[in-house]
Structures are given as C-alpha cells and as structure tokens.
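Same chain, two partners: chain A is paired with chain B first, then with chain C.
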Partner chain A sequence: MTDWILFIPELYTLAAGGVFFFFCLGRGRPGRDYAAAMMLSAAGLVLTVCTAGFEGLVFEGVYQVDLYSQVFKALIYSGFFLTVCLCADLSGVDKARHSEFYLLLCLSTLAMMLLASSVHLLTIYISLEISSYSLYVLVYFRRGYPKGAAPAFQYFVFGAASSAVMLFGFALVYGAFGTAHMAELMGQVPARINEPVVFTGFVLSLSGFFFKLAVFPFHLWAPDAYEAAPHQVSAYIATASKVAAIAILVRMIALTGGQSDRVAWVLIFVSVASMTAGNLAAMAQKDIKRLLAFSSVAHAGYVMIGILSANAMGYTGAIFYGLSLMVMKFTCFMVVVKAADGGRNIKTDALAGLHQRAPVLALALLLALFGLAGIPPTIGFTAKLLVFKAAMEQGLLWLVIIAMLNVVISLYYYLGVLKAAYFTAPASQPRAIAVSLPFRLLALAMIVFMVAGGLYPRYMTALAGAMTAGLLP
Partner chain B sequence: MLLQPVPEISLFLAWAAAVVPLAAFGLILVFLRGLPRAAAGTSVAAAAVSLICAVCLLVRHLGMDAPLQSSVTWMASGDFEIAVGVLLDPLSLVMLVIVTCIAFLVQVYSLGYMAGDAGYGRYFGFMSLFAWAMAGLVLAPNILQVFIFWELVGVSSYLLIGFWYEKFSATRAGKKAFIMTRAGDTLFFWGWLILLVWGGTLQIFELNSGAHGLSSAMTTASALLVFGGIIGKSAQFPLMTWLPDAMEGPTPVSALLHSATMVAAGVFLLGRLFPFFSQSDTVMTVCMAVGTVSMLLSATMAMVSRDIKQVWAYSTISQLGFMIMALGAGGYAAGIFHLTTHAGFKALLFLCAGVLIHAHDTNDMFVIGRAGGRRMKTAMVCMTAGALALAGIWPFSGFFSKEAIMGALAAADNPVWLFCGLAGVFLTAYYTFRLIFIILFPRTQAAGANSHGHGSVPASAAMYAVLVILAVITLAAGFFAQGFQDFISIHSPHAKDGHTAFLAHIASPVLAVAGIFAAWMQFGRSASDQVGFAEKIGPVGRLFASRWYLDHVYAWITDRVLDRGIAEGARRTENRVIEGALAMITGWVVICGRMAAGWHRAMIQPKLMVAVAVMFGLTLILLVV
Partner chain C sequence: MQMHAAHFPFLSTILLICVSGLALVLVLPKNSNAAVKWVSAACSAATLALSVFLFAAYDRAAGGMQFVERLDWIPSMGISYLNGIDGFAAPMLLLTGIVFFTGVVSMWELDFRVKEFFALFILLVIGVYGMFMALDLFFIFVWFDVSLLPMYLLIVIWGSSAREYGAMKLTLYLLFGSALILPGIIYLAAVSGLETFSLPALVENASFSGFEQKTAFLLFYIGFGILAGVWPFHSWSPTGHVAAPTAVSMLHAGVLMKIGAFGILRVGMFLCPEGWMYWSPMMAVLAVIGIVYGVMVGLRQTDLKFVIGYSSVSHMGIVGLGFATMTVDGINGAVFQMFAHGVMTALFFSAVGHIYDRTHTREIGELGGLSAVMPAASSYFVIAALAGIGVPCLASFWAELLVFIAAFRVYPALAMISVGVLVVNALFMLRVVRNTCFGPLNPRWAHLKDMSFAMGMPRAVLAAAIVGFGLMPFLMYDLIQTASVPLIHALGPAVGLAGPESVETLFTELMSVWP
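Take a look at the complex of A and B:
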C-alpha cells in the first residue's frame, strides 16, 4: 500500500507542470506565465519545507522519503524558485515559448526530486533521464544563438552516452547481486566491491552522476552548454541540478561503505582531474558564463573530496558544499542576468564599473566570488574547510595540498572578474543597471546568507550531519 | 619573603593613583579641548589626587617588611594569562611618590608657562596620559604590564616632544625619540619573550627570587635584551642622542619626562629587576660599562653646548649613567637614592631654565647672560641651588647620593670604575658651573635691560612657588639619606650598599670643588675669556659639539646598512628572484590554462572518446593494480 501523503510535493510539482501545459495550448502571455511561475514555485518551496519531516517508503520500497531526501527536495526547490526569480527579464527566450520553458523547468525539478528519493537503480535511472531531457531542450531554447542547435545537441549526445555507460554499469551490478534495491545492495556491496564485475559495474554506473555533476571526464559538455543556454537555464543547471547530483552521488558512494581503496582511487583521480582541468581552463576564459562553467567543474572536484572521504564530516561537507555552491553560483548568475542586455552573452570586461552602476550587485558578486575562492568569512570558506578537514581525517593531506594549489589558481580568474567589476574604468559611460526593490532584497538576502554561512554555519552543518546519519554504516 | 595580598584600602589608593589621570585624559580629550582652563584644572586636580594617594600609600606602608601584590586576570588564552595588578614594595612606593609629586609640580608650573598657548587643553590632556602611563608602569607586578605602560610612556613622550607640531624640528625630534627608543624596546620585547617562553613566568617577584626555568646563559641573554630597552628609554650609549633633540618640546615637558621621570623609568626597571640582573655577572659588568661610557660621553658633550636645555639634557644622560653604574656595581639603594634626588634637582634646573627661556625667548646661555639673566633673582638662586646639588656639594641632596654611589663603586673589584666615576664628578661640576658663571657674569652687557620678555608672558607666582618648593626639597632631601636607604634596601647577596671607602668619600667633594674652581678660572673671573679648555683645542671641541659623531654613525647605519644594504637587497631579491620565479610559474600556468581551454573546444567525437576511454581505462588499471 502506498502512502500518497508522502508523495504530495511531487504531485504538486506535477500539477504545476500541468498548469503550464495548459498555458502552452493558448497564446503566449509572458507576464501571466511569470506570475504563475513565481507563485507556484514559491508555494512549492513552502510545501517542501513543510514536508521536511516526512518519513516512509513508497511504491513497494523503491522510493524512500526521509530527512535526507526531503531537505534535498527543499534545496532543489529553492534552486527552482531562485531561477524563476531571475525570469522577470526572460529576453533570451522566445516570447511564445515562455510557458513551455516553465513547463520544462517544472518537469526537470520534479525529476530531480524523484532522484533525491530514489533507492532503486531503475528509478534512479529513469528520474535522471527525465531531468536531463528537460534540460537538453531548455538549452536549445536560446533565441538567435549563432551556433544554433550544436551545443544543445552535444549536450544531448553526451548525456545519452553517459547514460549508456551507466546503464551498462547498473546491468553488471544487477547481474552480480540479483537485486536493484539499494537497501539490499547496501548490505552486500562492501564485502564484494573488489570483485571485477562488481567494481566495474559500480564505477561505470557512476558515469551518469559524473555527467550530472560535470565531473571529469564527463564535464566536456559543460562549457558549451552553459554558454549557449539562456542565462536562467545556466543558472538552473549550476544550482538545482548540481544539488540533485550531489544528493544521488553521496547515496551511491555510501553504498560501498567507504571501505574500498579502489573506489577511492577512482574518485581521487576524477576529483583532482576535475579541479585541475576546470581551474586551468577557466583562466583562459573571456565569456563569463563559460568561465562559470569551468568553475563549476572545478568545484565538482572539491565536492568529490568530501564524498570520497566517505566519513561523517565528508558527507556533511559535501552537502554543505552543495548548498554554498547553490547560493554563490546563483548570485553570480543573478549579476550576469542583470548586467547582460537583452539576454546576450557578456564578456568579463562588460562588468567594468559595476560598483558604480549597481553597488549592491557588485557587493553580492564580490562575496560570491570570494566564497567561490574560499576566502573567509564567507560560506564558501566554511564549505571548503569542511571537505578539507574530512580529507585530513582520512590522511589525505597531499590531496588537500593539491586542492589548495588549485584554489590559488582559481583566485587568478575570480579576482580577474572582481578587478573588472571594481577597478576597471568603463570605456564609455555605460547605463546604470536598474535594480528593482524586490531584486535588491534578493541580493541583500544572498549577501546576508553568504556571510552568515561563513560566520555561523553551525546550524546548517548540524542539519547536514543529521541528514547523513542514516548513510553511514 | 612571601608575597602578601594588598589590603583593600591600599589597592583602592593604588588604582586611584593610576586611573584618575586616565579619566582626566579621556575627559579632556573628549569634552574639554575647547575649554583650556577647565582642562588644566581637571588635569592638575587629577595629578593632586594621584599625589595624595601616593603619599597615603607611602605613609601606610612605611614600615613594610614584605612586598604586597594583587592582580586580576585581564585575558586568558589557553594556559597563558595576562594579568594586571599592583605590586607594592619600597621601590614602587618611592617611585610613585616621585612621579606623582614631580608631575603635580610641573603641571602647576605649566599653568603659567603654557598660558596663552593654542594647544593648552591638549597639552594637559597629554600630561594626564603620561601620568597614567607612568603610574601603571611603576605599579606593575609583571613584565608584560611593564611593557604595555612602557610603550604608553613612549607614546606620550612622542606626543609631547612634538607638541608644537607646526615646527618641523619638533616633529622630527619626536620621531627620532620614538624610533630610537623603539629600537631599544624591540630588544626588550625579545627579552621578555625569552622570559615567557623559556623561563615560563613574567612575574617580577618570581624572576627576582630565581623561581624561573632559565639556564644561566639564557638568563644573561634575556637580561641583556631587557637592558637594551633600558638603554633606549634612559638614553644611554649608544641610543643617547634622541634626548638632547627631545628638548624641542615645551620646557616643563623636558623637566617632567626627559629628566625626572620618564627617562628614569629605565633605571627604575633596572632596579625593579635588580636581583634578576644580578644573577648574571656579565650583565652587571655590561651595565657598569654602558653607564660609565654614557656618563663620560655626555659630560663632554655638555661642556661645549651653548643651549641651556641641551646642557641639562646631557647632564641627565650623564646622571642616569651614574645611576646605572651604581646599580651595576651592586649599589642598589645608592642608585635609587640618586634617582630620587636627581628627580628633584634636575626638575628644578629645567624649570629655572624655563623661566629664563620664557623671559628671554632664547635657549642660548650667552645671550641670556648678556640680556641680564642674573637680574631674575629667584630663578638664579634656585638654579644655583640645583647646580650645587648636581655638582655634589654639601649640604645639597646630590652630595649625599653621589657619596653613596662612590661608596658602591669603590667596592667594585676593578678600581677603573671608581676613577671613571670621580672623573665624572669633576666634569659634572665643571660643565654645571660653566653654565652658571656664563649667565651670572656676562662679558658684554647688552645696551639697556630691555629684554624682559619680548611680548612673552612674565613668569607667574605659581611658577616661582614651584621653584621654591623644589629648591627646598633639594636642600632638605639629603638629610634623609640614611632613612631612605634603610627603607629601600633589599636583602640580596649582590647588593653592596652601605660600603664606605674613606678615600672615595674625600676625593669626590674635593674633585667637585676643583671642577667648580676650573669653571671659575675659565668663565667666572673677570679676566677670563669664557672659552672652555675643550673649545680651545679645535678638534676636541668639534668632537664634543658634534656629539662624538654619534648621529653620523646612525645616519651611516640607517642609510648604508638599513636602507641601501638590507632594504635595497630585499628589494632586488623581490624584483629579480621572487617576482621572476612567480612570473615564470604563472606564465606556465597560464599557458597550461590556454591549452586546457583549447581542448574543450574540440568536436564531440574526440570528447566522447576521451570520456568513455577514461572511465573504462580507469576501471581496468585499478583492477589490474
């Protein structure tokens, strides 16, 4: 028997998607779509927060509702809500397609919520696919992009390939154990992880999540997709999508019980490769969105440090890192959306004189970039501290040193952006950026959150710790 | 000898003596800067309260047999606690009375001297700041508190030397004083760090009683470093030339800070840590040597200066040198007694000089003499009394303290110290009466005595009252010599007080009289040409007048060694090695970044191939390994 009450947030999201589906049938009315999206996403956010205490199993045990999944759903919904907040100026998307845009966002969010609760290999696979399919289409929604469908198509092909590899891995795991239930796997995997079939299956099945989190080597889609997508979609991929990927990746790695050196080496390799490749490539970028894409790749590497440590501190750190990334990346995209005229892509130089054109945005950007670089007292510093401490507990000092070197490299391009925003005089007198009061409040909220997360992270880390309590052996 | 807690009333009095001037300072700076009279009143009242508290304390504890100490934790970090508190023993009680007494008298004197100055309120604010800092320093029970107030004293000295900051020479002198004393303070800082880290304690009582974990070599090292701070603060060789320059400040400031109290803080600290210092013979010898060199060098400088205040400044260095010699020789009570008497008569000399300078608008003794300085009878009588004390003539206080010092020096193993001390006595008498005679017996009278104040304010009654009080103190203090030394003396195996050497006691006053006679022959009698024997030999005169070229040495060191040597070397290293290496590394990193960015622009086929190959390759390799 299924307790449908536990499934209410997902049903609500489905219904919200239904609303936009009906809007699609009529003529496009961007104002109405935006208002509906704001209201529905805000109500959904409230709903997911209210249902954070739910617990139970649904659908024959393949769908687990617990604190872990519910908090992640709230985080995913916050990402959705914040993205919708940026949609007041959705000039990167055709007017007629706004309702479709929101429909796809709704569906993607729904799929990610399913992903957070999935404890069966098949539900994981299906929800991962649904969430990605919406995003493939959304990337293509960009109006008048010179490269046309190429980036979106690349994204799609890459996703399909990673899914294929992952499915192959799942098949091997299923073949070895005869079950796809995580609860059952959890008892058996740690003992047999070093068998070739199990190890191969497990590692290959990580591909899909690597793709989602943009971890090396499945990060190669990210720069092009970020660059080509409408700003809001890039923001969504960088925030909600990453949080969902962290949720499922932590669950998967927890399956191994953290006892396998071989799995750890795989993760260490992809972690180091991600941050190094991401940071190095980001240095050479002019386009802000492309730069942020590479920065996402690098941060996926840092998150992996927490995950591969596979201890309480590491999981807590990874979840906290996901939260901090969401806030910081969103703040960056908020500035990009505001600074870009008519949804065009902008180069770093276009931020010149930002501190005069929009002081509050410049300050938010400053804190977000400091946070991304890990400078105290911002939320990003706390996040890095947690994952680095987790690695130190595991005796991985050298890994932390590599990560620190990467942090130094990353300062180069973060400070480059800040230099443009604060110190470079604009060539011509650019227009002042009009920041409406609600938007100003949003920016202020982000500023407060980023500083508060740096100074008083105790509450949030305690919550993250409580979430992961069930994952540890 | 065990420490006992301070009784509550005494504790209250001690805190009041220190904190009331601080309150006055805050009040003046925040509210009363624009109200000069109120500011001055507040400051003088605070000084009076301090003085009363100090005298009460002294009277209450006159017969004390064990030091009293109380402290509270100010902040704590791990095992290390920073405590502030009060240590009451004969030394701190006497020093507190000296400081508050001179501070009070000088402030009263300043009421007249500084009248009409634009910065009247600010002046009294800084004076209160100094009074607080000095009281906190005197009462400190641990080295850290000493150091904190030591630095505060330095700051107030800087502020007061540069009080007339619109004068370039004044700001420069303030900077020089601050930086040179800081050079010593740096050593002091290292010294107490050693005490803290290796010795494990900063409590003065524990250090003095030997309850620290330092080896003898470490004891010597830390004591020498602390002595570096004393050299800076008391303007001893080689950090001595800031003091004559500090005479750019107002004369009362010179009287209070740069003769009677602040510069004596160095000697006070030496006395404070006397049992600790005497644990190392090397340090005691170094003290004696530094004291002797400073004493003789500055005496020679005083012989050729034409500036009244500078003569007294050199004389201050010289007398501080005497005190340090005495302490180094083990004459603890003798050194502290000289500090006490010196505070009185040197303040008197400075304040008399202030009256003359005030009236004649010049520091040049020849000009003052020609302008009729001797007609200012009270000032001249008081100044002569102070000069007699400085020269060490019975029955003035200086006689008794100098006799005590000679006794301590005579007890030293090596007679060289005694000879140097006696030579110093002769020189002191000589340069002191050179100044007196030049003013009293000018060679050419100025036409008409019209120079009574070039529009400057005539000296007020308050100023004369202070002079008379100080003169009486100078005359009377000597007769308490025995009681004072009994009260102050400590039971230390190294203390050599009360030693008498008949020859030395005879030789000292004889040489002092000889010095005065020599000065009379060259400056006093009507046939003399008023040119000293040092000035008659050109090179020697120039050597003395240019302060033994010490400032040139400093200039050479700062210019060649610090600036062109170390700083320039560091700059070149920075430019070539560090920046070069950094530029190379960053250059390579940027190139790597360009390559990495380029690979990401590849077509989809190679990208996919790489991704799949990495995943399968990784799996395979790890399975094989």
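Take a look at the complex of A and C:
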C-alpha cells in the first residue's frame, strides 16, 4: 500500500503539466499561459514548502521522502517559480510555443523533484533523463537564433554520451553488489570501494551528474547551450537544474561514506580542473550568458570541494552552496532579461549606465557578482566559508588556497561586468529600463536574501545541517 | 586575555550610527546633495565623538579587552559577534574617527554622483570600524573585505589619472591578500578542534603546533601585509593612491593600510607567537627593504601623490620593523606609528587634494611659491611634510624613536641602514616643500584664493592631532603600553625571549622625566 499523500507535490506538478498540455492543443495565448504558469508555480511552491515535513518510503523503497528531498524539492520549485517570474517578457520564444515552453518546464521540474527523492539507481537514471530531455528541447526553443539547432544538438549529444557512461557505471555497481537500492549499497560500498570494479563503476556512474552540474570535463556544452537558449531557460539551467544535480551528487558521494582516498582524489582533480578552466575561460568572454556559463563551471568546482570533503560540514556547505548559487545566478539572469531588448543576447558593454537606467537592478547585480566572487557579507561568502571549513577539516589546506586564488581570478571578470554597470558611459542615450513594482519587489527580495545569507545565515545553515542527518553513517 | 564586558554597547553604537547614516543617505532623494553631505558629516562627527570618548574612557589601569560585547551568531560553527578594544584598537578607532570626519569634510566640494560617493564611503568606514573592534575571526574577515570592496568603485568612478588600471590592480592585489587570510583563519579554527572562531578563546585555549603557527602566520603576514604595503607586495599602493579621489586616498593611506598592519598584529601575532618569532627576521629584512625602497623610488617622483604614496611604503616599513623586533618598545612604536602615519598621510593627501583641485596639477615642477597665495593650505602641507620627516614634537617623531630604540637593540645593522636612508628622505622632502610652497610663484597660480575657514577645519583637526600627540606622547604611549606589555609577557615562556626586565624600557625612563 503506497502512501500517496507523500507523492502529492509530484502529482500536482504532473497535473500542472497536464494543464499546459491542454493549452498546447488550442491556439497559443501567451497572456493566459503566463498567468496560469505564475499561479500554478506559486501554488506548487507553497505546496512543496508545506510538505517539507513529510517522511516515508514509497514505491517499494525506491522513492524516499525525507527532509533532505523535500527541502531540495522546495528549492527546485523556487527555481521554477523564479524562472516563470522572468517570463513576462518571453520574446525569445515564438508566441505559438509558449504553452509547450511551460509544459516542458513543468516536466523538467517534475523530473528533478523525482531525482531529489530517488534512492534506487534505476529511478535516478530515469528521472535524470526525463529532466534532461525537456531541457534539450527547451534550449532549441530560441526564436531566430543564427546557429540554429547546433547548440541544442551538442547539448543532447553530450548528455546522451554521459548518461551512457553513467549507465555503464551503474551496471558495474549492480554487478558487484547485486542490488541497486541505495539503502543496501550504503552498508556495503565503503568496505569495497577500492576494488577495481566497484571503484570504476562508481566513478563512471558519477559522469551523468557531472554533466548535469557542468563539471570539468563534462562542461563543454554549457557555454553554447547557455548562449543559444532563451534567457529564461538559461536561468532555469543555472538555478533549478544545478540544485537538482547537487542533490543527487551529494547522495551518491555519501554512499562511499568518505572512506576512499581514491574517489576523493578523482573529485579533487575535477574540482580543481573545473574551477580553473571555468575561471580562465570566463575571463575571455564578452557575451554575458557565456560568461555566466563558465562561471557556473567554476562554481561547480567549488561545490565539489564541499562534496568531496564527505563530512557533515561539507554536505551542509554543498547544500547551502546550491541555495546561494540559485539566488545569485537568478539575480544575474534577472538583470540580463531586463537589459536585453526583445530577448536578444547582450554583451557586457550593453549594461553600460545600468546604475542610472535601473538602480535597483544595478544594486542587485552588484551584490550577486560580489556573492559569486565569494566576498562577504553576501550569501556566496557563507557558502564558500562552509565548504572551505569542511575541506580544512579533512586537512586540505592547499586545496582551499587554490580555490581562493581562483576566487581572485574570477573577481577580475566580475569586476569587469560591474564596471560596465556602474562606470562605463553608454555610447548612445539608452532607454530607461522599465521595472514594474512586483519586479522591483522581487529584486529587493533578492538583495535582502543575499545580504541576510551573508550576515545572518544562522537558520539557513541550521536547516542545511539538519538535512544531512540521513547521509552520514 | 582579560575581558571586561561593556555596560552599554558603545562599539556597536558606532557601527549602528554608520549603518543608519548609510541607510539615510540611500533613501534621500537623488538630487539632495547638500543633505547627503550633512548626513555624512553628522554621522562622521558622531562616530568621532564616540571614538574620542572610548579613547579617553578606556581604563588604562585595568587593561585587557574592554567594552566587550557578545552575541551568538552562527552557533553551529562557533561564530559569535564579539567586539572589544584594547590598547591597540583604541588608538585605531580614534584614527578612524578623525580620518572619517576630515575625509567627509574634505570632499565637501564634490558635485558628481554625490549620493553614491558618500554611501560607498560610509560603507567602507563601517568595514574599517568593524575590523578594528572585532574579536571573532569570522567578523574580522568580513569587515576586512567590506572595507576593501567599495574601493574599486570609489576609485574607478571618482578617481583621476589611470584610475581603471589603478583600481583593478588595487582590488586584485588586496583580494589576493584576503585569499590567503581566509584559508589561514579556517585552518587555525579547524586544527584547534575547538569549534570556535573567537580570537580570545583561541588565544587562551588552543595550542597550535610550531608548524601550524608558522604556516598560518605566513598566510596572515602576506595576506594582511599586502594591504599594509609590505615590500614586495606594495606596488598597488602608489598607483592606487594616485588614482583615488582625495578622501579615498586619505582613508586608504590613513586607515586602510593600518588595517593590514593591525591584522598582522591582532590575528598573526596574537594567535601564532611562534610563527611570529620564526618569521621575524624575514619581516625585519622586508621592512627595511621597504623603507629603503620607498625612499629611493620616492626620490625620483615628480607627482606629489606618488611622493606621498612611496613615502607611505617606507613609513609602513617602520611599522613592520617595529613588529619584527618582538619587544615592547618596538610594538609601542609600531602602533604609535600606525596612528601617527595615519593622521599625517591624511593631512598630506588632504592638502595635496586641495592644491590639485585649484591648480589641476600635482607636478612639483609646475607648482612653486604657493605659500604666497595660499598660506593656510601650504602650512598644512608643510606640517604634514615635517611630520613625515619625523621632526621632534610631532607625533611621528616619538613613534619612529621608539621603533629605532628597539631596532638598534635587536637588529643593529638594519636599524643603521634605515636611519641613514630616512635622513636622505628628510633632505628630499624639504626640497619638495621648497619647490612647491616657496621659491618664485608660478604666475599661473597668482589668482588662486586661500583655503576658506570651513575647508581649513578638517586640516586643522588633523594638524592638531599631529602636534597634540607630539607634545603629549604619553597619552598614546600609556594606552598602547597596556596591550603591548601583556602581549610580550605572554611570549616569555613560549619563546623564551623577553623576560620581565626587557619590559623596563628606555622610553619609560625617558618619559618619567616629563613634568
């Protein structure tokens, strides 16, 4: 007897997808679609928050509902809701396709929610695939993009390849243990992680999550996909999708119990490579979305520091990092969406004079960039402090120093964006950016959240800490 | 470390005044420039008054940490909001108050993006105040970075020559420093096994191994040292100072560089005495190279701000030399020098800023004879120059005297070199004074008006501080003594270096003959 109550948020999301499915059948009415999406996503967010206390196992133990999964679902839903908030001006997508756009967003969100609760290798695989497939299509939704389907196709090929590798890894793990239930694996993996077949299987199975998080060397799709996708989709990939990837990656690494130096070294390698490659490449970018894509790669590296530490502080840090990334990246995309006319891509210079055209957005951008650079007192600093503390508890002083040097590199390009927003004089008289009152409130909320997360993160870190309870041996 | 709880949270009040000032400036309508300036001035005057009060109210007989206030912040990580001041921090608060107030008044004539300027300026000062009073490593780092960041925008928007380059270089250098400090802080917190970031708790209870102390001290020394202008990490400082607008140069050279030195003292020396001892010869050598280098490169400069910028490098070298001696005299001198140099450089930049605003040049060759048309402005310039040389009866004289008394005992050769170079510097500075203020008047400046009383007021405050503490050094000396003696005493058993007898200093004897 399955306890369906526990499954309510997912069912709700499925139903919301169904609504848009019916909208798809009729003629496109963007205004109606947007209003419906706002209402449905807001209600869904409330619902996920209300169900945060649920606990239990459903579907023969392959689907675990606990604080960890529920908070992540709320985070993913926040990403969905915030993305929909940006859709008032969805000019990057053909008018006739708005219903499909929201339908795919819903499905992707649903899949990510499933991912957060999956505790069976097969469920993980299936939910990961569903979430990715929606995104492959969404990236291609951009109206009149000159490069056509190439970036979306590239995204798809990378995704397919990495999930193939992941499936192979799962097969090896299943072959070695004869079970795909995480609860059963948890007891057996730590003791046998250094056997070649288990080690190989485990590391290969991480590739799918690395792809999702855009960790080196699975990051090559990111800049092109971010650049090609409608801004809202890039925002969604940078926020909700990253949070989901962190959720499942933390669960996977927790399987090893932090007992394996070999796994740790693999993770240290991808972490250092990600942050270095991401930051160096980002320095050369002119297009803001490409810059943000490479900065996502770098941040994936920082998140990995928390995850590879494999201790309570590290998991707490990784979870908190996911939250902070969502807020900061969303704020950046909020500015991009507002500053770009008609959904076009913009270069950094296009932000010139932002402090006069929209002071609130400029201030939000300033805090988001400082946050991304990990400068106190912003939420990004707290996130970095947590993951660095975790690494230090494992004695990885040098790793923290490398990461901090990377932070200095990243500051160079963040300051470049900031300079454009606050200092560069616009070439011609630019239009003032109309910021509606709700949008202004949203920007203010982000500002408050970013500062509060830096100055007084007490309750947020406590929540993240409580979530890790089930992960540790 | 003795902790005396505060009956009233004076320290937080300072921060609160600044924060409310900032909030008020932000909500004022866009074009109310005068209101913004008055709010900033009121805010700075209030904090100055409070810091003067704290300087006077600090109980010198009791010593230790006073006005301590504490609040749990993030209990799960052992982070608390912990503030307090000792004999090292009280002078620094006073310095910040003075420079904040005079900086705001010096920028009274600003008319470009006024609101944003003062908002960022106050934000910067919040970081500075916070840094000097914080006793929790987490907050020390937070305030440290808060004080650095507004700098980029302040220089890039309101700066002058090569501002983009200067601003980017300064920011990246200083953030590179904080990139070393943060690992150092977390490292110590993690290896202590105490689950706390509180500095007093770590000083009391943690026992760090020699290796840990050496590693962490090096991180702190380089990290904070970059901001303190330690050679060879100083090169951001002259370019940054030249690019920055007047008040920012004042605050930056006057206070921010002290944050660097204060960080080495508060975090490095308090937590890692063995590391301090291990690296002190290196510190001494780098400090003396800084002194010599600052003077020698300064000799070649023709831009007044570069002259001051390089002299700052050499003056901060004196601070570093004082720290390296590991003696009471040395520490006293170094902290005194931090204060004296802060006030002096602020006056220097303030005077040069005034001259530059009128003449639009800082080239020494183009100036000349200014004392004929601007007697008040030139006299402030001269006072600053004399203080820079270390003329007796000015504050910096006592500071340098103390450092060299200590240095001659511990590093005689290095002390000899430094004193020799400073004599050369004196000759050079006098020549600069002659070429700008005296000699034939350049006819281009004949029409210039002298400083008004209002504009002269901040300079007068700074000059009064220089002369006042020059005539009554014991006001400062006795205060610093309350912190430096316990610091060196605590070293005694740990490093076997300073016994009680070395605390009886030559300077104390000198001071005892004062009527």
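Please note the rule applied: the second predicted complex is superposed on the first by the 473 of 473 C-alpha atoms of A that agree within 3 Å, B and C clash if a C-alpha of one lies under 4 Å from a C-alpha of the other, contacts with A are read in each partner's own complex, and residues count from 1 in each chain.
By our rule, a contact is a pair of C-beta atoms (placed from the backbone, for glycine too) under 8 Å apart; a residue touches a chain by one contact, two chains touch by 3 or more.
Here the structure is a predicted model, which means the values were calculated and not measured.
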| message | Let's test your reading of the overlay: on chain A, do chain B and chain C clash or fit side by side? | response | clash
| said: Contacts for A:158 in the overlay, against chain B (first) and chain C (second): which applies, first, second, both or neither? | reply: first
| task | Would you check which partner chain A:375 touches, where first means chain B only, second means chain C only, and both and neither mean what they say? | result | second
| said: Just to be sure I read the superposition right, which of the two partners does A:401 touch: chain B = first, chain C = second, or both, or neither? | reply: second
| Between chain B (first) and chain C (second), which, if any, makes contact with A:389: first, second, both or neither? | second
| message | Considering only the listed stretches 62-70, 134-142, 188-196 or 260-268 of chain C, which one runs into chain B in the superposition? | response | 62-70
| Residues of chain A contacting chain B in one complex and chain C in the other | 412
| task | Please name which positions on chain A make contact with chain C in the complex. | result | 355, 370, 375-377, 381, 384-386, 388-389, 392-393, 397, 400-401, 404-405, 407-408, 411-412, 415, 418-419, 422-423, 454, 456-458, 461-462, 465
| remark: chain A partner, complex, touching residues on chain C are 73-77, 116, 138, 141-142, 145-146, 149, 152-153, 156-157, 164, 168, 171-172, 175-176, 178-180, 182-183, 186-187, 189-191, 215
| query | What residues of chain A sit close enough to touch chain B in their complex? | reply | 154, 157-158, 161-162, 165, 196, 199-200, 203-204, 207, 216-218, 220-221, 223-224, 262, 265-266, 269-270, 277, 279-285, 294, 409, 412
| request: Would you tell me which residues of chain B are touching chain A in their complex? | output: 586, 589-590, 592-600, 602, 604, 607-608, 610-612, 614-616, 618-619, 622-623
